[in-house]
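Same chain, two partners: chain A is paired with chain B first, then with chain C.
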Partner chain A sequence: MRRNFLGLLGKAWLALILVFLYAPILVMAAMSFNASPFYQLPFEFSGAWYQDMMANEQIFTAAARSVLIAAATTVLATAFGTSASIALFRYDFRGKRILQVLLFPPIAIPWLITGTAMLIFFFTIGIGRGTPAVLIGHVALALPYVIVTVSARLSSFDITLEEAARSMGASSWTVLRRVTLPWIAPGIVAGGLFAFAVSFDQFVVSYFLSKPGDTTLPVLIYTSIRKGFTPEINAVSTIIIVLSMAVMFLAARYSRFGGER
Partner chain B sequence: MSRVEVSNVTMEFGQTTALDDVSIAFEDGGFFALLGPSGSGKTTLLRTIAGFYFPKSGTIRIGDRNVESVPVEKRDIGMMFQNYALFPNMSVADNIGFGLRVRKVPAAEEKKRISEALDLVQLGALANRRPSQLSGGQRQRVALARAIVTNPKVLLLDEPLSALDKTLRVDMQIELKRIQREVGITTIFVTHDQEEALTLSDRIGILRNGRIVQAGPPREVYDRPVDEFTAGFLGEANWLSASLLEDLTLPAQVDGHRFGTRPEALRISADTPDAGQNAVRGQVRQRIFAGAMATCLIDVGGSQWKLIARDRDIPELPGDGQVWVSWSPEDTLVVRA
Partner chain C sequence: MAEALLPTERRRLVSLLSPAYLWLLVAVFLPLSAMLFFSFLTGLPQDDPDWGVTLANYGKFFQNPTYPALLWKSLKLGLWVTGFCILIGYPCALVLAKSIKGRAREALFLMVILPFWSNSLVRIFSWAIVLRGNGVLERTLNFLLPFDVRLNLMFTREAVVIGLVHSYLPYVILTSYLALQAIDDDLIDAARSMGASKLTILRRLLLPLSLPGLLAGAVLVFVPVVGSFMEPRILGGRLGTYYGTVIEDQFVAVYNWPLGAALSFILLAVVLLILALTSPVLKRART
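Right, the complex of A and B next:
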């Protein structure tokens, strides 16, 4: 009896959490299909906002830029981060500890501060605002995430596997490709997803570093809201959410697959 | 298959000298055990021969080639690691075939050689398994097959049996010896288990503090150890105090030497032993029965001796425990003082 009650309470609590997490998102998604531009009920189904969105070239270019920057960030941060992790794992050098400790603060420093610092820095060295600055900034933000996830995976790697491969005549490159990388692949994928998410969701740093009128999707959404809320934005946001969730499902499946090895 | 020769090799890690002017030769086709306590440099010597470390000075020859500055992957060795180091993401066959693929052996020949290697270690049925699906002994066989499938010049084994339990270890010793004979490969084997070294190898080398203390056939090293350390490391020894030496027949000058015996060389008797035997008086402290064998702990001139004999060869002991302990003069151990 008591047990049933507690079980019920637990389920209710879980439901509450899910409502807390998903209600705003569901409301937004619903409103993107509501005909009224002022969020008026009763709900009346309409695909008009999606049509508007499709016709809005600004949204399209911003979205394309966002995806492009996120993809480039993923590739660069994953490549740099993975090689950095392997170097940190394999070699002992002066200042290694300091370097490892210095990797973590950027995760904790508020993006607002990092963004300001980057803006000042890029102006000082002459890069200025624009897509290159945004890309460099995103890579810098994403790098620690990649290093942390790949290093976590590497910490369970048995270095004698590399020695064994070398004893059989494999060159460093073959060892890396055939032995080390397959082992850390799940970590690299997870790090890459982090990097994509950090870049694609990035508002603060993008806002500071991008040129006006030449922005990423989150910045465009923000500026549109300031001008006046249109349900078009709901439509964009809904699509982003669906895509993000799809990516996360894939990631979950992949990492389980990787964990089996 | 080749002779391996290490000459005057010194190896340092920072301030510590891991190998101190080591010279030793490993004959073609021989089974050689490197034995020593931890930190003696035996693993360092093996890894230096493998090419994981480059010596500070000295030369290493494998066959007719000087390799001291050649990296591991170019030395043409086979190595087996303590934890086997099988690739977890590859099947048994792919693990064994790794070195063949690296050498770009044609696919048909690769397949043939993998199956020959699998037959040699009697694992033919498990080619498609993953290492995680194998038992400890099976993993060991895969590691061995992987190490020899490329026909390397020398096989290096780094404590390969230490992860197995006792019974499996004895089986694998026999197996390892059989395969080594069949393949005829020069084998160098690191172990801290002296029984394993004596059982398996044609020659053993004892290391201590980065130096080779003694090298030779197992029986010779056991019977004629050069110093107290080697005598104690390969087995047990009782040492004669100076006051006991007078009436004994000794094979060498007393000056500069110490004398002792192996526990199993001793006989115990209540009566005076035959002339011609070395004999000392002793007081039995304890007689430990262990089935076929028995151990006696005897106080001889103030130091505790150990005697091991078949239980039936030890006579009824007198009430006061006073006995004669005797041995043949040629069984006396002579070491550097």
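Right, the complex of A and C next:
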């Protein structure tokens, strides 16, 4: 009886947390379909804000820029991160521990500090603010996530498979392409999705590195919120949150958190 | 340690590693060094031909009582948010790891950490809609409760804390869950068979063994919260001046980059101190 009561209490607690986590998002999504621009109730269905959003060119360019930067970040961070993971896994060399520890500052230092430091440095060396600066910053932030994810997958890889393939005459390129990469493919996909999410949702670093009027979607949302509430931003935000949750759902299914592997 | 690598292996190693690490060098480590250098300058070299080296930027932090007060305010905010995240998140991780089994556990775990990977700015914005006066929260409470409540949490410290707890709660749940899941159920059975109560099992067994995970989560919450500026700006309004917002101002409004760099490095020093203090316990977690 007592055991049952405690178990029930625990499940109720978990349910409450899920309500806390999802309620504001659901409210925002509902309000994006509400006719009143001041979130007045009773609720009256309207798709007007989505139409406004479609007509808003500023939102469109910012969204296109965000997707483009996120795609480029995904390609670069996944390629560089995977090759670094393979090197860290395959070879034993002096300074390996240091290289592994160096992955943590980009994750552990508050983005406010990393972002302002990038702004200072890029300005000094002449890159300045703008899309190239944002891309350089995003790839750096995404790299550690890719390396950690791919390395986690590699740790379950049997290195003798490579030796077996090589002993049967496969070149090292063939070994990589036909043995190693297929095995770590789920890790690479998960790492790539993480990279996409890190870039697409990144606000702080983009905020300091993008040019005013030439920004990514999160920065545009921030400046719009600070100027005053606009219901179109509600509509965009709803789309963004659905999109980024979908990407992360896929990443979780491919990484070890998905459970099956 | 490692045997010496053959020259061909060495070349391959360097070519595999250098793209990633050169990128990190240019985009993270050189910028941090440049910022350290800038924090000792009187002015920007590109604007001011008479720039020189000075300690005055750090001096300003100690002379003007506003800066230490704001840093303290941000540290307190970090403690509040971390405390709430632990109080709310640890029991949740406990339920997930030890009382729910199988596919339901995986699905619920995914549901808990999913919002964390979605856009944090948008999630903070969604709280602005919920918390504002005559907003959804006030109406729901009035609907549920027999008496009238006036509740406008928007632009208060409470709003900032709620928004930040919402943002960072999944961190604590994630790390605590991973630590708790690693504890062998046989240990718990053994303790129970020897007559330990539930409270004793929690206090003497589960809590000590999962402490590194819990602490890792706490650090992952505390550090970014101390440096937060977007959340206080959106949810705190005029009361939302924190250490992070002052640093932001130096870079986007006042354009005093050397002072901003010095303030950033003081924050970084505090962050590193916290990481150093907690690292003995965190290291125990890895082994």
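Here is the rule we use: the second predicted complex is superposed on the first by the 244 of 261 C-alpha atoms of A that agree within 3 Å, B and C clash if a C-alpha of one lies under 4 Å from a C-alpha of the other, contacts with A are read in each partner's own complex, and residues count from 1 in each chain.
In the analysis below, contacts are C-beta pairs under 8 Å (C-beta built on N, C-alpha and C of every residue); 3 or more make two chains touch, one makes a residue touch a chain.
It should be emphasised that the depicted structure is a prediction, and the values quoted were computed from it without experimental measurement.
Partners chain B and chain C, once the complexes are superposed on chain A, both fit on it without clashing.
An angle of 100 degrees, to the nearest 10, separates chain B from chain C at the C-alpha centre of chain A in the overlay. Of the two partner chains placed around the shared chain by superposition, chain B is the only one that A:P182 touches, whereas chain C remains out of contact. After overlaying the two complexes on the shared chain, residue contacts for A:V19 are found with neither chain B nor chain C. Using the contact criterion defined above for the overlaid structures, shared-chain residue A:L250 touches neither chain B nor chain C, since it reaches no partner. In the superposition on chain A, A:I233 makes contact with chain C only, not with chain B.
Of the two partner chains placed by superposition, only chain C is touched by A:M28; chain B is not.
Within the superposed three-chain model, A:A55 lies out of touch with both chain B and chain C [touch as defined at top]. By the touch criterion defined above, A:L68 lies against neither chain B nor chain C after alignment on the C-alpha atoms of chain A. Put chain B and chain C next to each other and count what each touches on chain A; the higher total goes to C.
Measuring only between alpha carbons, the smallest separation of chain B from chain C in this overlay is 6 Å. Of the residues of chain A, not a single one touches chain B in one of the two structures and chain C in the other. For chain B in complex with chain A, the touching residues are 50, 52, 71-74, 76-79, 81-83, 85-89, 98-99, 102-103, 146-147, 150, 156.
Chain A meets chain C in the complex at residues 6-7, 10-11, 13-14, 17-18, 20-25, 27-28, 31, 39, 41, 76, 79-81, 83-84, 86-88, 91-94, 96, 99, 102-103, 105-106, 108-114, 116-124, 136-137, 139-140, 143, 147, 172, 197, 200-201, 203-204, 207-208, 218, 221-222, 225-226, 229, 233-234, 237, 240-241, 244-245, 248-249, 251-252, 257-259.
Residue ranges of chain A in contact with chain B, taken from their complex: 158, 160-161, 163-171, 174, 178-179, 182-183, 261.
Across the complex, chain A is touched by residues 1-3, 5, 9, 12-13, 16-17, 19-21, 23-24, 26-32, 34-35, 38, 45-46, 88-89, 91-92, 94-96, 99-100, 106, 108-115, 117-123, 125-130, 132, 135-136, 139, 166, 169-170, 173, 198, 223-224, 226-230, 233-234, 244, 247-248, 251-252, 257, 260-261, 264, 267-268, 271, 275 of chain C.
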